[in-house]
Amino acid sequence: MKKLVFLALVLSLFIVDTSDARKKKKKYEVIDVTNGGSITGTIKAASKVDDPVMKIETKKPDEVEFCGTEFQSNMYIISPDLGVKNVVVALLKVKQGKAMPEKDYVINNLKCQFEPLVGLAFKGNNFVIKNSDALFHNTNLGIQLKGGKKRAVYNLALPNLNQVLKKKIKTKGVHSIKCDAHPWMRAYVYSSDSPYAALTDDSGKFEITDIPAGTYKVLIWHEGFGEVKQEITVEAGQATTLDHTFSK
Amino acid sequence: MDGTKQSGLVKFKDNLFTVKDSLLGSFIRSGAPTSDRSRTAIMFNNFFLHVQTVKTHINTLRPSYTLGMGLIALFLMIIAFISGIFLMVYYNPSIENAFNSVKDINFVVSGGKLMRNVHKWSGEAMIIFVLFHMTRVFYTSSYLRGREFNWLIGIVLLVLTFLLNLTGYMLPWDQLSYWALVIVANIIAAPLEMTDIMGVTKYFDIGGISKELFLGGLVPGKEALNRVYLFHIMLLPAAILIILGVHFWRIRKDGGLTRPDKFDRKDTDTTYITPPDKTGDIFPTYKTYGLMELAKGKTPAVDNDVENTVLSWPNLLIAELAVMMFTLAAVVAYSFYIDAPLKELANPAIPENPAKAPWYFLGLQELVGYSAFMGGQGIPMAALLGLALIPFLDRESEHTGIWFSNKQGLTVTIISFIVGTVGLIGTLAFTIQYGWFRNWWPNIPQIVIVMINPGTIWLGFVMIWSLATIKITGSTRMGAIALFTIFLVSYIILTYTGTVLRGPNWDFFWSQSEWPIH
Amino acid sequence: MRVFKILALFMAIALLLISSPDFISAQDEDAEYDDAAYEALLEKGKEYYNARCEACHGADGDGKGFVDIIRVSEKNGRVLEIYPRDFTVGVYKFRSTATGCLPDDKDLMGTVKRGITKSLMPPQDNISSEETEAVVEYVKSFSERYEEEDPCDQISVADPPVWVASEKSIEKGKKIYKDMKCWECHGDLGKGDGPKSNDITDDWGKRLLPFNFVTGELKRGSTAENVYMTFTAGLDGTGMPSYQDTLNEEDRWHLVSYTLKLMGLTESDKKTASH
Amino acid sequence: MHSRFYLSLLLISSLVLMMFIGMGVYREMTSEWKTYQTEYKNMLVRNAEDDAARKRAEKLEIGLRQNYVASLNKSDRCMSCHIGVENPYMAKADQPFTLHSGDYIENHPVDKFGCTICHYGQGRATNKKEAHGKGHTHWDYPIIPTKYIQSACAKCHDYKMLQEEGAELVVKGEKLFREKGCRGCHKLNGVGGDLGKALDGIGSKPRAYYAMKHVVGEHTAYNWIKQHFDDPRAIVPTSEMRVFMEEDESDLLTTYIFSIREEEMPSKYRFLKNIVTPPRDGESLYKMFCVACHGSGKISVYDEIFDRTIPAITNPPFLRSADNKTIKNIVMEGRGGTQMTSWKTTASGLKEEDVDKIVEYVASSRTYERPEPFNYLEFQTNIDSGMRLYNNRCSYCHGKEGKGGNRQLGINLKNSTVQQVLDPEFLALTIRDGREGTPMPSFGGDGLGLSDQNIADVVAYVKTFGKKK
């Protein structure tokens, strides 16, 4: 009997072990962060950039009525003192730290636009994809790769009004969202595998807190300006400043 | 001597004032007959009436005996003649204008369309009623007792009826006409198949020559149209009129219509006859007369059955008048609703698919599908020959005047009808389903197919069947009934098959609605 | 006795491992680092790839071989521009896994063997199963995605219900086709000419044309199961979304019926065609 | 009287006959055109402006009207119903009384031209159904839809005049006909390709000429042609016609098609002053005969209709390795086993000088000098090695036996042109350098790594295809 128990134990160990062995990258580990550092800063643009107006071209007359013929792209929302909104600032490859936020990320198809335009999602939660239009939308979500390529993550059909789908967030990085039925629709979500990611506010400010001391790689990404990666060292209990100025 | 001294002018004056009466009197010499004597006289004295006997046997007047078929056929012919003359006024027999003139008859001439319909339908109905008439004559054994010759004349009339219709079909020069002409020309050229088989076409091309004679060239064109027109309006009508005269003459000479040897009057007979009025009766019922002493055979009065005859005026004449009006009314009513077909202008480049002969020849066309020679000429000739020989091979005259001869005759008719229907449908179904020799052995010599094809096999079967009937029943009349019944059934079934069941490429279809849309 | 018990224990473990579906992939992942057999397999795959695939898909698997774009003019004159697949991204259309998932190895092997005749990828009719496996392993090695992600489970497809392609089902499918807005891309008559058909791009930013059903030739093979799988899994990398969450299984089969009708592949279509 | 049966038969039959004769007379009296004419007369009387006009209107005779035009052999009775066609007061009236639109009627008076010479339909008919020739009326030329009516103008007028005076649709159609390359497959006046039917007199072909099985709507020649342009394979399932229409192009071409007629108009009707011969330079000829398949010729396309690749014939890499003589040879001989037919004068009716012009035009985008020669003849070739290489490297596109097609990207290597007309040097260059803009990769040099010797072997092997039967 004892031997059987032993056998089961060994077996279960082995199985757990094999499934772990597939993960070459260690999973994010939650620890108690005491006296963590923080990063604050402002992302600015070198000069004012005009926010382009985008045209809507469709062959379906009912959509012209519903969606309009053009819209403000909101790509460059720049405050008077040149702070840039909707910039993602995220620490990369964080091995351990505070607990992941538990919050689903809602992608709403509203009036032929995605809402929100740029957002932060945290791995392990769900994408909640919602269609608030009486139109066919599909939500084609993919990781942005180098060279303008994309890697599909979800491509889901939402033909009906008020349809809601829930899908696990399982990938990380900057995802672009598009709707193949309405090629002007676009949105971005940064899916982070650590809780250390932030989005700039209207004045271009952001803050990331409770970071265990150490040297990190930071990603600064903006839809129009592109992305920048930097190294930053966070000291315990200190606020480190990270400013960046995008130029076009 | 006053009278003689009357001046010529006064005489002229008198004559002038009485011209109306004297003119009428010379037309209507005797006025309306009021007595049997005058009724008799009028039958003698009137050219149109004298072809009929003075007294008519009651049997002749019974609709259930004659069914009026011969008369209807006659009246149809008259209607067709009259309407044909009307159409001839407008029709133009040239390939440039034939079609247009028919269109004009349809569209512009007042009543032209109706008249054309009447002509067309009376002509085609004539075929049906000539056949019905023949059927009646056959089943009542009316081809015997001196009537053998008239039977032959009847067959000639049948052929003439076919030819008149056929030539008429070709005149509008539309697609139907043209392709029917082509088919007929090919049937005429059918001996080509035989000469080809014998390998003598090079020296003796009888089929080709006949075709060329008929068309007036190698392809249907204006010569063919002229020829057909000539046939249709002159040669064939003249022939049919003359031969029809002989036909009637023979009826009169052969003692009128047949009747049973033992005739019983029925109470219902009074529905059809007016009994003789006895005033001035010149034909006592107890006397018999031979009206023409040189005439052979029996005149209706010279018989022991004289008490069953009634005066032709008014009995026969009313009957004839009624049938005439009936025929006319029926033809006009039919023509009012159903238009005679007229398709597109003849176009030699675009064959009709299926190219069909007129419906009454589609039985032949079905047989032509097996072998051009046998179907087009061999089998029809054999059938006509068989029909012509019936009165000479069956001489049992005791059944004359009785429908189906006797009970056995009716049985033979029914059995032959069933055997004919089932057998022929079976043969056709087999051929349609499995094809024939050519489909099984593509390299088989054509002569085998000419000799052995569904048509000839059926012909052989019919012969064997009627011989067997003769053997079993010991009666040639029964054999004749078997033969004729199957002939009739075959004509109907083959015609139906060719008309309804054959579609494009002569393929089999249950109905025209299944034809592939073209 | 003891020896026997130890033996039994090892056998039990071995049995369990084999029966576990994770075993093979586990093997592979490990093998990438330390298994010489795996290296040999890759080498073999590379050899095959360089001989038969490289001209189109490129030596680096980025779809930029010497052949470049292949253009196919459909019968209605629509010219499809076909770019050989870029393996570096690791996105595949013909999967039997849910949307966003890596394909099952069997999917890839099937595609290699069958070819995609519509896109002129020739079928590899005389390839052995080891060669297939090898070349698929090699193709997989182009994308780091295989290192990052877990393969998903295959979606199981039962045999098509008997009523698929029946008149009634076609009618229902037609309604779904309308309600699901399939026509917006694929057109009312399925000719790929809907109002959205000109605006669609794939994940590489290249213009895409929606499938023209009338051609009757589905790239992954024109069977009912494949059509069903397309609705279920979607075609990743293209505009064709997955309807797995939107339509229930029955409705997807109805849609299959209508699709087959549009493609002229129902029984009655075949009958009229032979007429 | 006792003969009740016959007497009652006589009575009933006579009554029926009378009835039908009466009905026949009634039908004549109330014929369609009589009704229309009465209506027209009433309209005139009602709307008369003064007494004289009213008197004139009242005198209008009701009767069939016919235009007989002897030289056209037309008897048109259309005006029996369309009685107001020349009456300017009828401009706003409804059909059938309305005035003829436009000013055509001024130069084409009805009594000189009739109606059916332009509109077709059955002029002799006196009821609408048969006159318009619609439905099952057994009339070969039903009334032509107004959108194609200009096809009739081209019977008598030259294109310049048509262009200037309001018949531009048929002019556009004619231009399209030249520029869509219709004659690449269809002969007209003896010049053109052999793949399709000759188009001489196509506009006069009767309805029965067309297989109407798949035509949607009414089965007329007009619908057939129009729908066949829109989707050839919907009308003729086995059609290989490569024609792709945009917007109204199919209507324009249909209009032109119905101006190609068999019958010739009498000379006094013809109005040909400025006959402009269409340009016959290389580009026009290329469009007329080649463009339907080759398009611009810059890129090669695998065509699902032909089930083979249509080569790019104007792209520079091809021109670099093929000199004008080679191209001309290909054009003149055609490529056996493919849709490329021979363009010799005897086969296509095209003059040799025209072929020269086409070749010149095709070669005009040649940008490079001849490539570095391969010198094929200097190699000792080994056919076995060529076969191995071919099977390994070429057969996936060109097929094991070099036939191409059938879902294989490569062109047919087995046809007589490749085997006999093209010299090995050309083939070797093609293999070595590939064809940019087409799927044919460069196998030599840095490309897929075949040595010159290998290439020579492959060429030698390819050349053996012609010998095998």
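First chain written, first letter: the chains are A, B, C and D, and each begins at residue 1.
Just so it is clear, contacts are C-beta pairs under 8 Å (C-beta built on N, C-alpha and C of every residue); 3 or more make two chains touch, one makes a residue touch a chain.
Quick caveat, the model's predicted, so the values are computed rather than measured.
Excluding chain B while holding all other chains in their positions yields a single touching group, one piece. A summary of chain positions shows that the Cα centroid lying nearest the centre of all protein Cα atoms is that of chain D. Of the two interfaces, B-D and A-C, the higher number of touching C-beta pairs belongs to A-C. The chain with its CA mean position farthest from that of chain D is A.
In whole angstrom, the spacing between the mean C-alpha positions of chain B and chain D is 53.
Note: centroid distance chain A to chain B, computed from Cα atoms, is 99 Å. Centre-to-centre, using mean CA coordinates, chain A is 58 Å away from chain D. Separating the CA-averaged centres of chain A and chain C is a span of 29 Å.
Under the contact definition stated at the top, not a single residue of chain C touches 2 or more other chains. None of the residues of chain D touches two or more other chains.
Those residues of chain B in touch with two or more other chains are numbered 516.
In terms of which chains touch, the assembly is arranged as an unbranched chain of neighbours.
Touching chain pairs in this entry, ordered by label, are A-C, B-D, C-D.
Those residues of chain D lying in contact with chain C across their complex are 231, 233, 242-244, 299-305, 310, 392-393, 396-397, 407-409, 434, 439-442, 447-448. Those residues of chain D that touch chain B in the shared complex are 1-7, 9-10, 13-14, 16-17, 20-21, 23-24, 28, 64, 75, 77, 122, 124-127, 130, 138-140, 206-209, 211-213, 219. On the side of chain B, the complex with chain D involves touching residues 63, 100, 103-104, 107-108, 110-111, 114, 174-175, 270-275, 314-315, 318-319, 321-323, 325-326, 328-330, 332-333, 336, 342-345, 347, 349-350, 352, 516-518. Chain C meets chain A in the complex at residues 5, 9, 12-13, 16-17, 20, 22-23, 25-26, 29-30, 86, 88-91, 99-100, 145, 147-150, 179-181, 184-185, 195-196, 198-201, 203-205, 234-243, 245-246. The residues of chain C lying in touch with chain D in their complex are 51-52, 54-56, 65-68, 70-77, 79, 117, 120, 122, 215.
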